[in-house]
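First chain A sits with chain B, and in the next complex the same chain sits with chain C.
Coming up: the complex of A and B.
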């Protein structure tokens, strides 16, 4: 044994893991050079229940494998046993933190298959609810990126304002977390009196927060040191791995369903999603910070443009035995994490034949995360995962 | 490294001087928003226990539990909610047919016993029961089912006022399916229908476009669907749960739709009655009215040899000889009756029990006898002048119109009575006046004010459309007679019908008088029964109510064990009670012949 080498302060990492002919590392746990550790399923850095099986050498990750299965509730299957209207309270749980896109894609799929035209006012209210949902989740995920590097202060600030946005949700929809507002056919209520005024007060706080978090996080030497250059996704991986939303936009690929395939009232709104090219953790977080400002601007635009009254729900057949003709559809929207879509097949009965959710976490947190973690420092695991906006409930719907 | 990046995070310190934003006093309640979906409330008096909340609940958190004895239009059940399953989606509130179920904005509830969280809102008293805030069904065009009825097309008053062509056109397939879609399948109607028809099931068959199944459901409880689908008094519709917020379902027209779709020659195949195994027992039925025909239908299906004795030359009873053709065309009556007769029922027309053959003889010749002789005798007001030869009973007149007999139609007529029969004769005579004189000149009056008139509302409206004058709320006093011919009717205003104890005791303002000219007066104030065919010997063994009605057991068996009675003489008067009686009596007769104890029978 080469004692000199053993006590060397800066081990030469290029020597191991030794790479096999197939390009994969040769990992021999009995060599004592490697350690297998599990991050999750219960771990603060895992935003939900999911587990990463990490093989580390020193503090460097040499292999990573995502394990899911801790959160399986089988919503897609449950919906095959439920009438269309009963899918409505079921589907929102597929991504708990941002429930409104779930409601919207279900409603959009049902309406598309049943040939229902949603009233104008309801479309505006849906757009508003979706942007409010984006706002409340970005108020967590933007400072949350700092949280993964132990900068918890911004998270406190964001969560306070998020609670105020949930107050607005509560008065609009009757619920704080499970809004159950975008119902097949329309929405479940007009804006309450004084809603716009209270919302504007909250938006002013968000404006202030945007500046504060810029000072606290994005102009922070520690954050910059750790986030810049970390977990760079090459542009050619975007298509290979099916990367969506802010993660793709940080790599210079314009992917935003609101812009590329406008739905609801987005075509009537003036906005330009931010793109950059660095494609590291810092860039991805920065894209979300810009998204936060875009969302605030969009909510202001929506509140100015939307009609005050009007019909909130289209006439539908009796929901207790609503049969939808045979067909299939894929309906999508832009969640804060990227394209969020639902594929639904109907067979003419009163229940969906098959429902499949397509969320960005499925690709981001499985194949892409496994790849990105290789050669990363173990302390950066949570940061990389959060930068991909992983939502484990949505992987295991 | 930029020096700005080192200093910038310290700007956070400026917040040190700010007030904290956290909740300062955790012991004060923070009320939920006005629309908050909190704990359930239920107005148990408004709730009818229809169970749509239970149907829509995807978590199966709602269970209907007994609250009180069921009454017509109320199942007596109320929703109990399991908060271990509930997700507070409030779909139960949005689908509620009476808007009785709501949510409060209360959201904290601490209890040590887990079973407490299964409770019946409104019955188990809670702190939030009086809380006005919380989720209610959104206002505006937010309905989970159609509240507006699919309009039935009628002949226009000009087209129908001088003819007896059927005025209701019937639903098309699209219309029927749209109307059937509104049903929430609560079954409140089934409980109220005297015949307990499977209404939600046949409405479902319409939705599924399975007319054959629909017909099978109809014939389980009602062998006269063409007739009932036209003239049933539709008590089901008056309790329809959808009727609490919107128009009740057109249950009657949907039944008619099914029956109209099936041609007569398909009936036996669909209902699987091509071959019926016969037994050697013989049943006699007196009167081919709704109850008699129904009893005949179910008995013949059980294998009995059934013979009907009918006093007129055609079957149908009051359905044929009482209800005018514009409401119930003869071909519809014939379609239902011919099917029943085709099952092997023997019918002897122009045979009157008591005159042509005695009841005693029937009892000897047959194993059991069912009588549904109905109410055919007219009743007189007994006012001065009512014994004049130009004063007629509506029942006689309606029968003569059906039989095609020559009848007197005067230029001006007054009808006394405000029930459906009075409307029938008024509208029939108005048509005949239109043909004969070019215009209708007929007044119908009733003791009751318009809002409590016994006639169906649509009958009154349509009669007016056809040119008749309906003038309710007057008490007839006398018929003015001049030279042996009536010249009109004296009436005074009638203010109320019943006294405080609920007894019939009309109160009139004698000084508010009117005189309505009319050279012909029709009395239509109800009908009486003719039981002269039952000999005194039998009557001694039978029980009678103080008002003279025969009393029977639940299976319509009289004190004379082999003699069953039903229809208008026992219950009603209307067709659907007759059908219900006939069906039950058929089961009773079967039990009687087989010697099964009625109490054990189902």
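Coming up: the complex of A and C.
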């Protein structure tokens, strides 16, 4: 028997699985051709608390369904029963890894509905905090892509430098992971003495890290062979599937709220988000690697341009008795994963009527991931998921 | 965006237009014309992206407000289309054929608000809550505190105290 022939996969994978008239794969579990397995919720190859219900034929995925709910605490519902200022400790937990965009969009929504102008210095400090948040998460997510191909070294390098950035957060805000630095009307404090010098020392380490990661990951033949051509997102899926941020920019579509709707001080900063067209896992990772350099450059620009002192908070009513007029708004910013928005409805009371968070993971980890995993090899599941930067709390909030 | 709104008002039964920001407007449309308007915006006015679909429970008025927030990737404007539906007959025409990601929003709304979208794929499947047999929890009349008290039985370490009474008992135990 020719074993090579027996185990050789049909090179034309478009024939598998057999598709029905509704465009869905025909799966008969009783035929013994398929196996259903779960990746997550307890699995090293899953981001956060979610799981993928995979139907496989051999080592090829023929159907994927995303399951969330392992973290559900009803954040949006809880916020309807809290005064506006009390929403902050709840809101920041809607994305643990990068909580500062949560603070900003909640504060921006409240300020928009209440008609509050944020002072100049506070806007600079907010911009700095958001870029620092982007930096600390990119220090994990850029090498994290290598980790999905068993290249764990870069992740350890990144985490070391991330810890130094958390030191800067600690001296600026008092907190390492959750900061609650951005509050309605402004921010909670000015830069501590010597902050810029210490931050610059950290940024020099990031500069070295960028070069080292380039050598470690992007010139690594195993990484290249596995990531190039994997999970390509066609350009025409960007709107139909709701693709944002670096994932869209890897497909050649400019999606960056900092450029399309400049908020805070981004209009005064000189930067150009990186785009490319290959749209595979390698390209998406490469875009984030460029984003890391852009963020370092932005932090340097912000520290050079921002005033040393000034008002950091506009006057607001007593937050415990603050009633905001009836209205609705949608405020957004650019997180490291893409557009991060909040739809808020108020009814004139001291609590929000409705808060709805829209994070990129909501579409990336559901409709898009389900589609991308069809015909993928089971060993590439984690790599594809991480390349979309999914964050489950954004989905089940 | 004013030209767009004028165009919409001439074609559909709309009301309550608000220009919230330079790039963001909200408008209400009759339920029967809602999907036609959303389709028109997508196909003829370049609002190709769906930012979100969500609901607001106006319990006192007996209606749910559905908000379809669409974005235009060419001029970066956004429009929120509001639709009021009867709370007692919470059903809305499905629009899963317009965007691939729409079915996720519709599944969530069915589970969390009890708003049905007949014909939407996997609409019957649990989204976040597995085995939930209570009122849809994001409705305003669902009492989270009462649910927690009834579901999660009291046990040592879970007691809560009135702060004022507790402090008084600690600081002035003899009073």
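Throughout what follows, the second predicted complex is superposed on the first by the 381 of 397 C-alpha atoms of A that agree within 3 Å, B and C clash if a C-alpha of one lies under 4 Å from a C-alpha of the other, contacts with A are read in each partner's own complex, and residues count from 1 in each chain.
By definition in this document, a residue touches a chain if its C-beta (ideal position, glycine included) is under 8 Å from a C-beta of that chain, and two chains touch if they have at least 3 such contacts.
All figures in this text were calculated on a predicted structure; none of them were measured in a lab.
Judged by the touch definition given at the top, the superposed model places A:152 against neither chain B nor chain C.
In the superposition on chain A, contact of A:170 is made with chain B only, not with chain C.
Judged by the touch definition given at the top, the superposed model places A:396 against chain C, while chain B stays out of reach. When the shared chain is aligned, chain B comes close enough to touch A:312, but chain C does not. Shared-chain residue A:20: touches no atom of chain B or chain C. Look at A:160: by the touch rule set out above, it reaches chain B but stays clear of chain C.
Applying the stated contact rule after C-alpha superposition, one finds that A:348 touches neither chain B nor chain C. On the side of chain C, the complex with chain A involves touching residues 18, 20-21, 23-24, 26, 48-52, 54-57, 65, 67, 69, 73, 76, 78, 80, 99-101, 103-104, 126-130, 137-138, 140, 142, 144.
On the side of chain B, the complex with chain A involves touching residues 1-2, 4-6, 8-9, 11-12, 15, 21, 32-37, 52, 55-56, 58-59, 87-91, 94-95, 103, 135, 138, 140-146, 181-185, 204, 207.
The residues of chain A lying in touch with chain C in their complex are 68-69, 72, 74, 76-78, 80-81, 112, 237-242, 253, 260-261, 327-330, 339, 341, 343, 345, 353-354, 356, 358, 362-363, 366-368, 371, 395-396.
Those residues of chain A that touch chain B in the complex are listed here as 82-83, 85-90, 153, 160, 167, 170-175, 178, 180, 186, 188-190, 192, 212, 215-217, 219-221, 224-225, 311-313, 315-321.
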